[in-house]
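Look at the two complexes coming up: chain A is in both, with chain B in one and chain C in the other.
And now, the complex of A and B:
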């Protein structure tokens, strides 16, 4: 495996992931203002245009003279006021305004309390919050993707507790046929996710749910903050789990809700049987995986190999805090693991070094590097938990053999993956 | 200027223009950023990125690096990468944080050059300006650093300065080169379809034709250093190409005769030289009263009286409120208020709309753009 030493970084054209425009659109009846240098907001507006939600994203261009003028807060207040007044005049006054700043914010000493408190004073009927589009903090304790999850839940309120559970962390709700969702419903627990909230009030009411189920590690910080603020308990159910791990997680969640543990033994057996059957049908078809598709690429590879599939290569963009390759390396040393942040990746596609066009790729990054049109365009933030989700993944892999996709589609944000 | 932008995305930023200008030159281009800027570039601004082996990389700038001003880290990483890949040159492209902190990118480039013995330069971008300023800077610095060796004049060779995918598709540039070829002239479009070796002969050409704002700075540099004459204009038909070869600009004040005989009002929105060339050609060839509304960077010294700067969204909205028989521009402008009152000929401009309207890109009739516009209007085959 290539070491993850500090070096110049390659950026692949595979970019299925959600960006802030997609993420922020989860908050209903909210307008978003990007108070950033002109280049920083462009990708947001373009991807919002592609998604047809561009009217919710406005830009306030911060200029170089603002860096030294010392009145950046005043500039933001004026921009926000102009935004609200124009929206109000157009009959589109939002319930909340989210103001994003970018990497330079921390270096110019912008005081967010100054503009937030002034806006709250001027518009008491509205909510205001700041947001951070600051990849420079990617390697801190509060990277942007973690921070935004916290910001997105900041307005939740908890005047009472209702029989419902929230799913947070991933950007999509669990599938309706998810066995846990069905089971909880049988005990009267509805499931909530921001994706399905249509009004600001519905969104705020997520604070009334009995439990937050966190399906992506990026949501843990938010869950802890909510627990501290509202006393709302949380439990993790990270999206990829083996069948044994799933049983443990389900039991823990039900225990927290004081309902009997489910009996999913039959479903567990069915899932394992299905995997073994499909592994035979795949008959050695090579499989490649990238961490763009799953939060646990090594664990997924290990599980597939144990079931009889033929995983050949894994592509990662750096180390994962929750998934280590040790077990995989020990048990299946023949599986190659590559770090694709390295500059050498720039030459891989043209040189065909890892070309394996017959492979089934789980993730667009793996598809690109292996030049395979047989890929599942799953992204890690939309990965689904559960037995049935595991079965669905295998079905999607099988489908990708029958129905190849144009490889060029990987360049388009979220093309082909659910939710976008 | 109103800083609020409600309908349109900002044009591509300077650092993307700089990177794009250097893309085909076989150099190591390092964007000194936190890996967010490079993602914007590779996803939205660089149509050649898929399958490419260009060494455009991110420094992966971290908060701590920025606070501590750790320049040695980047210099070492660059030197290490140079050893592995043997690029033609090194360029360090700035981004908002280095710009804000006043990092000495020129100094770092100098240090790199001293250590590795390859040409190295910085392009001090900050994402506060748009793509054409970064591209213009990058081209001028690239030419400067290559220390031109071959200045022997090559008859019938010209340079096209300012070829950038944000303004032109590769098909457009190929058609342009072909148009000059048919006139017996070999055209070298910098930097689309040329390579690093071509740079060493750049001063040998008879003439520099600046086809977009991105080429102006390099043209002035070559004029100053090598006495090379330059003109500006994007030829919208063969007559215009001939006019340029003869050493005349297309859209300059007083240099191009327009006879406004017909009451046909046309507005061309977009990049300055392209928009004003098309407007001037429509005027010259068909007698239209055509104006160029420059929505990108504006160089006053080359603007004629029918070319005006629309520096923010409100200015474009106001311009659209006038009665035009036809407006030519990117489809995104149609999102603006007042746009619905006009007839439109949509010509995508990647600097504004990226790849969103790739399917509407012009691939035919490129050797007679003005004729295509005219015929299109005559057929009244517009999108309403």
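And now, the complex of A and C:
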């Protein structure tokens, strides 16, 4: 049995990343109905307001009488109908409605098939999908961030195959100057990402793309499901990658698309040279990294150290599924690795043990813990792949020395999402 | 595959009836899985001669490393595959949630596709007191419901509540009430009272089990009567009852829960 001690976790204020409302808003012309008790919807409402998407969010306040009446499915149907009818009257009939429930749903045995099938029958032109804002969810073993990506791609259709490539997994598309994007475009492949889809039809047409490039491990499950359902192939391009790993990944992707492998040798050399040059200019400036910025903090640290940078500390909130510290520990044992999940972190933070205000922090968590105003506010789910992205990261690190950012910004909920 | 749920008032003899029916079906050469949906986890003990089996929720509660079907499904001495959902410690937690959790775990592990039973028999606690206890009524789990009742007022009252729940779920494609099993308590006009209830609910009384010392005696031996006294007239009654239940129950394509 798990003890209370094991269950206690420290959660820093540097956790204002993407939440359900940010993620769901990626699906255009879709409205989201939260059928939850009042207290549960508070954070969602605030997030929606912060992001300026409150007009797509609806809440159905589940009350005690709904729990004891045994008619929860009916209540949800009525709430959904009211939402749709009101929007239709206003000339804003949604193409899809996502209905989220909370953990209360688990106890009353709410049957989702009942409300979904009824709504599909009443509104055959619309799509309906259920979701869970539920930390104790037992409907699935999938982490919420994995499950939601799978739900969001469930509507995709593939009546034909077009010359396009999707980027999934991360919540932002790759930069326009990404070398792979440019290279694919030169072969007639346009690139798509949920973030840039403007209509629901554009969104579901992502199922027609030739390939899904998965830029974050949280998108792998969805990619596999899509492959099973639509036959759409996928390949990974998780950040962070070293220059050698990037070449391998690009070759594999091009091979899958049956186009010649790109010659990025020059770009690879330029990137390495740039890192070495900048490492000299940083002249021993301490660097701290957190897993809030990258899914591969150890690999990034190892690469920076190999290039001559001075990485001092790494802060993680648990094990990464694709990054192990072994090589880093072996090669650079002096680098301190701290798991800041432990409740002790709050006390250590107060004692200023980790304070290193002169450090350049990659990630808001590292900045917060080290009390450094020199930080790159990169978010792991928005990490950019590619050579030019690596160069940009170094530039951002350099810029953070010249232009400090207030640490208070870190505590603003959702900061860093979609241009907030 | 037939998916059947047995409901009835607590203490009315559901588990005894379900176990004897399961044992009879097993004697007929059918692969039977009996799933106890009572936090007391005592539904299947007559198949295992009193040997306790590890419940689904015990495994989840202890966060055992290998939560496996092998640890959850125990073959009884009469061949019946026994599963106990289990529940929280009395007076704590949420028993209904426990049933939901146990069902989801069995579904996740593919219990029915692995063991491929011909018959799945759910033995459900007392009454449909909350959403959790209505879980076995969903089409995924069972298609036919049989209520065990005596002619006693409280037993018929509980039976009426169960029938009410099934009525409420009409139109959802849930399981349907298919028959009443009378477990006699030798009260005045018992047959008539049960018959009247069945008629009011539009289903037949498919069997009348007499109040019989031999059943209690077999229970004392921690066996079903069908196993302990296979040649008795009551064992024949259970066999007839099992056949009627099979006849009245929908045959569905092999699938999971």
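As a convention for this text, the second predicted complex is superposed on the first by the 393 of 420 C-alpha atoms of A that agree within 3 Å, B and C clash if a C-alpha of one lies under 4 Å from a C-alpha of the other, contacts with A are read in each partner's own complex, and residues count from 1 in each chain.
We take it that contacts are C-beta pairs under 8 Å (C-beta built on N, C-alpha and C of every residue); 3 or more make two chains touch, one makes a residue touch a chain.
Note that this is a predicted model, so its numbers are computed, not measured.
K.L.:
If you count the residues of chain A that each partner touches, which comes out higher, chain B or chain C?
P.N.:
Per-residue touch count on chain A favours B.
K.L.:
Once chain A of both complexes is superposed, is A:114 in touch with chain B (first), chain C (second), both, or neither?
P.N.:
After superposition on chain A, A:114 lies in contact with chain C alone.
K.L.:
Taking the superposition on A as described, I'd like to know which of chain B and chain C A:63 touches: first, second, both or neither.
P.N.:
first
K.L.:
Between chain B (first) and chain C (second), which does A:106 come into contact with in this model arrangement: first, second, both, or neither?
P.N.:
A:106: touches chain B and chain C.
K.L.:
Return first, second, both or neither, reflecting whether A:50 touches chain B, chain C, both chains, or no partner chain.
P.N.:
It touches chain B, and chain C stays clear.
K.L.:
Let me test your reading of the model: by the given contact rule, A:141 touches which partner, first (chain B), second (chain C), both or neither?
P.N.:
second
K.L.:
Just checking: does A:310 make contact with chain B only, chain C only, both, or neither of them? Give me first, second, both or neither.
P.N.:
After superposition on chain A, A:310 lies in contact with neither partner.
K.L.:
With the touch criterion stated at the top, can you tell me which chain A residues are shared between the chain B interface and the chain C interface?
P.N.:
106-108, 138-139
K.L.:
Taking the touch rule as given, give the residues of chain B at its contact with chain A in the complex, in rising order.
P.N.:
3-16, 30, 33-44, 49-63, 66, 73, 77-78, 80-81, 84-85, 96-97, 99-101, 126-130, 332, 335, 353-356
K.L.:
Please name which positions on chain C make contact with chain A in the complex.
P.N.:
Answer in residue numbers: 61-63, 94, 96-97, 100-101, 104-105, 108, 130-132, 134-135, 138, 168, 172.
K.L.:
Hey, which residues of chain A end up touching chain B in the complex?
P.N.:
6-13, 15, 37-43, 45-46, 49-50, 54, 58-64, 67, 75, 79, 82-83, 86, 102-104, 106-108, 133-140, 341, 343-344, 346-347, 349-351, 408, 411, 413
K.L.:
Taking the complex as given, what residues does chain A use to touch chain C?
P.N.:
Listed in rising order, the residues of chain A that touch chain C are 1-2, 70, 106-111, 114, 138-139, 141.
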